[in-house]
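Structures are listed in the sections that come next.
The two complexes that follow have subunit A in common; it is paired with subunit B in the first and with subunit C in the second.
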Partner chain A sequence: MNVEKFKYDNYYPKLFALATIFWGVVALLVGVTIAIQLYVPALNLGIPYTTFGRLRPLHTNAAIFAFVGNAIFAGVYYSLQRISKTRMFSDVLSKIHFWGWQLIIVAAAVTLVSGITTSKEYAELEWPIDIAIAVVWVVFGINMIGTLMKRREKHIYVAAWFYIATFVTVAVLHIGNSIELPVTFLKSYSVYAGVQDALVQWWYGHNAVAFFLTTPFLGLMYYYLPKAANRPVFSYKLSILHFWTLIFIYIWAGPHHLLYSALPNWAQSLGTVFSIMLWMPSWGGMLNGLLTLRGAWDKVRDDPVLKFFVIGVTAYGMSTFEGPMLSLKNVNALAHFTDWVPAHVHVGTLGWNGFMTFGMLYWMVPKLWKTKLYSRKLATVHFWIGTLGIVAWVIPMWWSGITQSLMWKEFTELGLLKYPNFLETVLQIVPMYIIRSIGGTLYFTGLLILVYNLYKTMKQGSFVPEEEAEAVPYDRTPEPLKYGMIHRYIESKTLLFTALVFLAIIVGGLVEVIPTYLVKSNIPTIASVKPYTPLELQGRDIYIREACNSCHSQLVRPFRSEVERYGEYSKAGEFVYDHPFLWGSKRTGPDLHRVGKKYSNMWHYLHMQDPRQMSPGSLMPRYPWLLEWDMDKESIPAKISAMRTLGVPYPEGYENQAIADLEKQANEIANDLMQSGIDADPNKDIIALIAYLQRLGTDIKKEVAEK
Partner chain B sequence: MRKHKIFKFLLMGIFLLLFSNSLYAENGSHDSLSTVIQVMVAIVVFFVIIVLWLVMVYSEKNDSEGKGFKKIFGTSKPSSIEEEEKLLLDHEYDGIRELNNRIPPWFNAILYGTVIWAAAYMIYFHVVGSGNVQEEEYAVEMRVAAMQREALKSSGALIDENSVTVTDDEGDLKSGEEVYTKNCAACHGTQGQGLVGPNLTDNYWIHGNDIKDLFKTIKYGVAAKGMPTWEAQLSPQDIRNVASYILVKLHGTNPPNPKAPEGDLYEAK
Partner chain C sequence: MFSNLLSSIEDVSVYPVITLILFVFAFVLVVIRLVFMDKETVNEMKNIPLEDDNEEFITNNENKNEKTQNI
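The block that comes next holds the complex of A and B.
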């Protein structure tokens, strides 16, 4: 048998590993900052670029796509070569992938703090960046599939099944959700509106969690955990079962983000039942991980790498039990819009993604630098500080979520809301916010220990960019296709495997998307709901720019407690002109769907200048620049035209009249403000924002009045 | 035989997609839509069961004893570590070996249990339709609340704009002051001098100066002027107390920086 000699590429795994450490520090630092901003609103230092609304997407994007993303790539580039017994398909593609991805991250950071955003969660980046992401992602895919095609192993190992699923599904999700109509170089509108946009967004959003935070990490687990424990994987059969059921079922579960919303009931129910069915497929991964450690638990005591893996996999199991539970409508009624949801997410991100990444880095960096870990003790300290950090993060947020939700729902004996003032329910949980930020700081400190420890490790070792390896070439005699060996056959065919994965994930997607079109023609229309005026549209874009939807929902659920607090519950037909939808997913502040005409123009003016003037004790940051910045009027005709292209019924030629209409309405509002003694300028952003806020949720009242 | 089954399974998917496509074109009415959705839901559930079953049965070498139910839910235990050599598969990837332990029976039981539950859930709510969906749940909740309110009204526990009178009880006025500071001061000024809202200390009133007028203005708000509705936030007692506080304690004082008068002049009572 002739043995072939070749070299593993260690250079790009190294670069990705360094990038994940760097972006990890950035993402966590921003996270700690915004955690403190929630109770010290002045921490944005009075400047627009550092408000909570803009930093929150920066934190999520940096954590998901920069920290976790680079960790995935580091792990994949290292492990894929070794389970395939070959070098990566192309060094050039690796290079484009690495630098392209870093460039995208930098572009994301710059645009997000500048208020350039589509407002769709975890898909906030504007269209030029979206295109760049699609291109770089495909480069990654070609590089990965190419490597698998030229492998020297007969079969594809389970880790790579998950890598393939990651590539295929993220590509489909990203492209599907980012279909938007460009208005200017850095502004676009989602082609979907209202309920449909919400459904597509959460089909994406939920599966970004599934296929960016879950499947790639299961793949990494299947390589790094048995390697570090030096134990065989517990059950190959279980791998097959949980892999296919996981990717098939996950894709359907998105609507559980929209329970009790204006989404049709049947779609909500599908979200619920598929989430419940997802419980065991998720736990299959946890079982295979933890049971692989059978006979190696003594090593866990000494080895910090295994410690991180154990807590990581356990956290995965916890959050994938919590997820289905939160998808039950009665639990969701309590938990949605509260801190319970970020708590759930952070069990996954801090525990599963963070700890798996740390374990992997502690294992891989010494391998790449041909040395031993500088200090096991420091790694163990990191482990304990990190674990304590997670506990101090998550428990207060569970507590505050349930507390606040119960306060929102409580009635007095006279049938009135016990806490009608929303602020009261916020101030109640401030102590929890403080503890949470301490938890985050602990976790961040742990990461700094990792930086020091790995820096020292790299210092004492010497990096080997090209690692010698040898293997027997791939035996290309075809695998027999016989009973009980079907999966073995599929595993030997890269493209067949990829195609089947595509089928499994697209079926769920299509069956949900096709009825979405059905929904389009069957949303009960409301005659009195009209398109926004040019000034209101401009105000809506300012609302998006300042990311008001980070803290304020626009969706009143059909509960007595919400209808009493905010007004009539939200109907699907009210959102037909909303490109994109702005329902939000968290109520750090009150819902705004029915805020229109509730307060005077002057109230809003003073409230934006300093919320504490109108609402003493409020934790909302000040927005004084809205009173100073000139409104962007030039883009209005283009925006009107774009909206019409998307189906909003502005009359033909209206764009020519739009600026005049805008100025007329702006003058009315400015006059009203001047009558109240405010020296208002009709050309400022604040006027447009007031116009939008005063319009919100009022169309439906006209219909009631007409009746 | 087996190939035949896979073929059927693929056909099912294609049928489903074509079926839904024709519906899209049809743009059907609401009634046919709900039937369609019921059918689709049933198909989807069926589809899920088939996929799970296929994956399960065709997972590599399901070599446990027995047939059918026993094959899937049989109780044999995973290998002990000593005898796991027997279960090692004959391949390795970069030194990683795989065992072929059977899937724990409880795992299968819960997995298929949730699938059955899911089917039952969908059928209960959307095919048979006996479960309350959210609009019905809401209607029930509101009906119960309305009944409670009626009961309270008839018991006389609720004051309204017709029955309200000025209170001069010091305790009530004190509580009125608290309500004022918490809810009204931001707009009407801490001393009632007016700010966003009108001055409450002068003799000019926009919506009347009778306790019943004040009660009504506070309770229902004045949308056009930016006065919020307080009905849902303040109890009738609170509204009476704060209205009385305004009339008894604030009105007629001369605070600094008063807002210019608005509304009509009412002679002091």
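The block that comes next holds the complex of A and C.
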């Protein structure tokens, strides 16, 4: 038995932990700001960079990839070394990983507020940043797998399985969803269109939740919960079972984001069935976590770390129960596009991700600084204020989601919509928005308490970057394969294990994605649906830049209440030229798919200048810069060519004529505005946006007229 | 584009069926494996995170005492 001496690297876990705290403050601050903007639209200060549409993706990206992302890395870099009894594979890779990731976050923040976005939720970043993410992610993967390959511990502990699944699947998802055709340095179009694009996006979006917000945290739970409770996990067998089931099933459930959409029915049903099945492995994980505390519940009373973990794991159980329920078509019909969905998401992010991270930090920072937590009392105050914050966030949003949806669907005895004015249903829920922002502020205050408490902890301790350790390396001579040893054999082979994980997720992934390639044959093409004109295309890009899809859907579902309110329900064939799709996922404002020709050009012009001129009491922010900014005409030929490469049937050579056509249509709109008494410059952004809005959903009407 | 390459696949509805069977197969395999897994290995594995060698740094004596009791 030769005992080997080595050193654990504590430096990068420390840096990632500090980054977690820093970005957590940023993400939550932006979150609170946009929560208040929803009822005080003037809080955008009348400038583009602080407007809801641009801050909302900043909030989600900062929360998911900066706050939660750094927390994952901090947790993984600390725990992986210890369950493998070895130092991280390479300090250089750790360095590239850490600084690369922070640079990506900064680049994301700058581009998102500048309106540089692909519009696809949680994948808004443009192509150069997408490439950087892929590179840094692979660096992380190599570092992790390298560490496992040189481990001294014979078995790969279950936490590391979840880390591997995270690495493999996020790589596949990110690359799959980010396939886009660059037009300029910071502008690209998704290669997928319409229904295809929606399906790929929600295959990604759903699984980003699964493999960025769930599996890594289950891994962290399997390390930090036993550590904090000082007892092994309740059932190791259950952890194996729910690991394989979870990663196999999760990947299938994406289509539940597109129920009642223009997606083929069988794919919708598949999404629902697998979402219900997913409930079981999710609760397997939750129960395994909670039951680890059997016989130790008295500790929960005193230890703030365990308090955070208990609520974190419980929130995981709640949101994984709610998720399958929301996938039922009848529930989804009520909940989709409403505040219920962000409520569901925030049980997960604030409860599960947030509280698990806080618990982990309160446990890990004293360990890294070789001291005790500065104040348990303050940590307990943080716990209570945070819990109260979650409750005050989530309950009003459940309430407002259901209220608003019922109002959308209510008819009078005469068969007319009871609330035909969408705004009425918004003003009804403003009090809920106010309470929600108070909940968010409470949660944010809790985080500030953590900052103070951990700062004091760091100050009273002394950080040890290199931690001495020793271990006996396991015997690597291969054992003869005997019956019943197969899983153990697989578990001990890092690369083989990684390959199997890949296989498990790719099967479901392919089944979900292959049909999207087939969608062409599943979509009844509509002859009257034509590509956008250059001006409309330009307007569409402005719609994307201002992230109008954050608050407006473009998908009328086949319900009587929606057809009555908006017009004919949306058909798959109407979106065949939409690179990317812009269905949206939340109706803070009304659906826009049939808005074309509904209002005059003048109405749109004045509405963008100040929405309250046209609809008093509206909560939409003002967009005065659209009236001032010059339209970007130079990129039009490149955009037309790119679209043609993607299969949009612009005639060969049309790019040369595009600018002339654009100017002609712009002049028509400016002349029309002139007749209404508005002296508008045809070269401004607003003209293009009006052209796009007036085109929306109108092609199908031409067909009816022709018939 | 390459999206046209796969559009000729027929009987796409058979894909979900095949993978459902695959899933059930994999699930049953894992369950069988778990039933026959020996207790010693399971115990060994589940105690990995608790074998940390940096326990000497823990200043929280409470924790340390409890650990010895558990063993």
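Worth pointing out:
Here is the rule we go by: the second predicted complex is superposed on the first by the 700 of 707 C-alpha atoms of A that agree within 3 Å, B and C clash if a C-alpha of one lies under 4 Å from a C-alpha of the other, contacts with A are read in each partner's own complex, and residues count from 1 in each chain.
Simple rule for what comes next: a contact is a pair of C-beta atoms (placed from the backbone, for glycine too) under 8 Å apart; a residue touches a chain by one contact, two chains touch by 3 or more.
Remember, predicted model here, so these are calculated numbers, not experimental data.
Superposition of the two structures on subunit A shows subunit C clashing with subunit B.
By the touch criterion stated above, A:Gly295 is placed in contact with subunit B alone, subunit C being left untouched. When the shared chain is aligned, subunit B and subunit C each come close enough to touch A:Glu153. Touch criterion not met for A:Pro651: it reaches neither subunit B nor subunit C. With both structures placed on the common chain, the touch criterion links A:Lys372 to subunit C but leaves subunit B unconnected.
Once the two complexes are overlaid on the shared chain, A:Trp279 sits against subunit B while remaining clear of subunit C. Of the two partner chains, subunit B is the only one touched by A:Ser676; subunit C is not.
Of the two partner chains placed by the overlay, only subunit B lies in contact with A:Glu564; subunit C stays clear of it. Contact with both subunit B and subunit C is seen for A:Ile240 once the two complexes are overlaid on the shared chain.
Ranking subunit B and subunit C by residues of subunit A touched puts B first.
Judged by the touch definition given at the top, the superposed model places A:Glu470 against subunit C, while subunit B stays out of reach. Of 44-52, 116-124, 188-196 or 224-232, the segment of subunit B whose C-alpha atoms clash with subunit C in the superposed model is 44-52.
Shared contact residues of subunit A with subunit B and subunit C: 79, 82-83, 85, 153, 155, 157-159, 222-223, 226-227, 232-233, 236-237, 240-241, 244-245, 248-249, 266, 270, 484, 486-488, 504, 507, 510-511, 514-515, 517-518, 521. By the touch criterion given at the top, residues 1-7, 9, 12-13, 15-16, 19, 22-23, 26-27, 30-31, 33-34, 36-38, 41-50, 52-54, 57-60, 63, 66-67, 70 of subunit C touch subunit A in their complex. Of all residues in subunit A, only 8, 79, 82-83, 85, 153, 155, 157-159, 191-192, 196, 222-223, 226-227, 230-233, 236-237, 240-241, 244-245, 248-249, 266, 270, 367, 370-372, 467, 469-471, 484, 486-488, 504, 507-508, 510-511, 514-515, 517-518, 520-521, 645-647 touch subunit C in the complex they form. Of all residues in subunit A, those touching subunit B in their complex are 79, 82-83, 85, 153-155, 157-159, 222-223, 226-227, 232-241, 244-245, 248-249, 260, 265-266, 268-270, 272-274, 276-277, 279-281, 283-284, 287, 291, 294-295, 329, 412, 414-417, 420-421, 483-488, 503-504, 507, 510-511, 514-515, 517-518, 521-522, 558-560, 563-565, 569, 597-603, 606, 613-616, 676.
Listing the residues of subunit B that touch subunit A in their complex gives 2, 13, 16-17, 20-21, 23-24, 27, 30, 33, 36-37, 40-41, 44, 47-48, 51-52, 55-56, 58-63, 78, 81, 84, 88-89, 91, 93-104, 107, 110-111, 114-115, 117-118, 121-122, 125-126, 133-135, 137-138, 141-142, 145, 148-149, 152, 157-158, 182-183, 186-187, 196-197, 223-229, 232-236.
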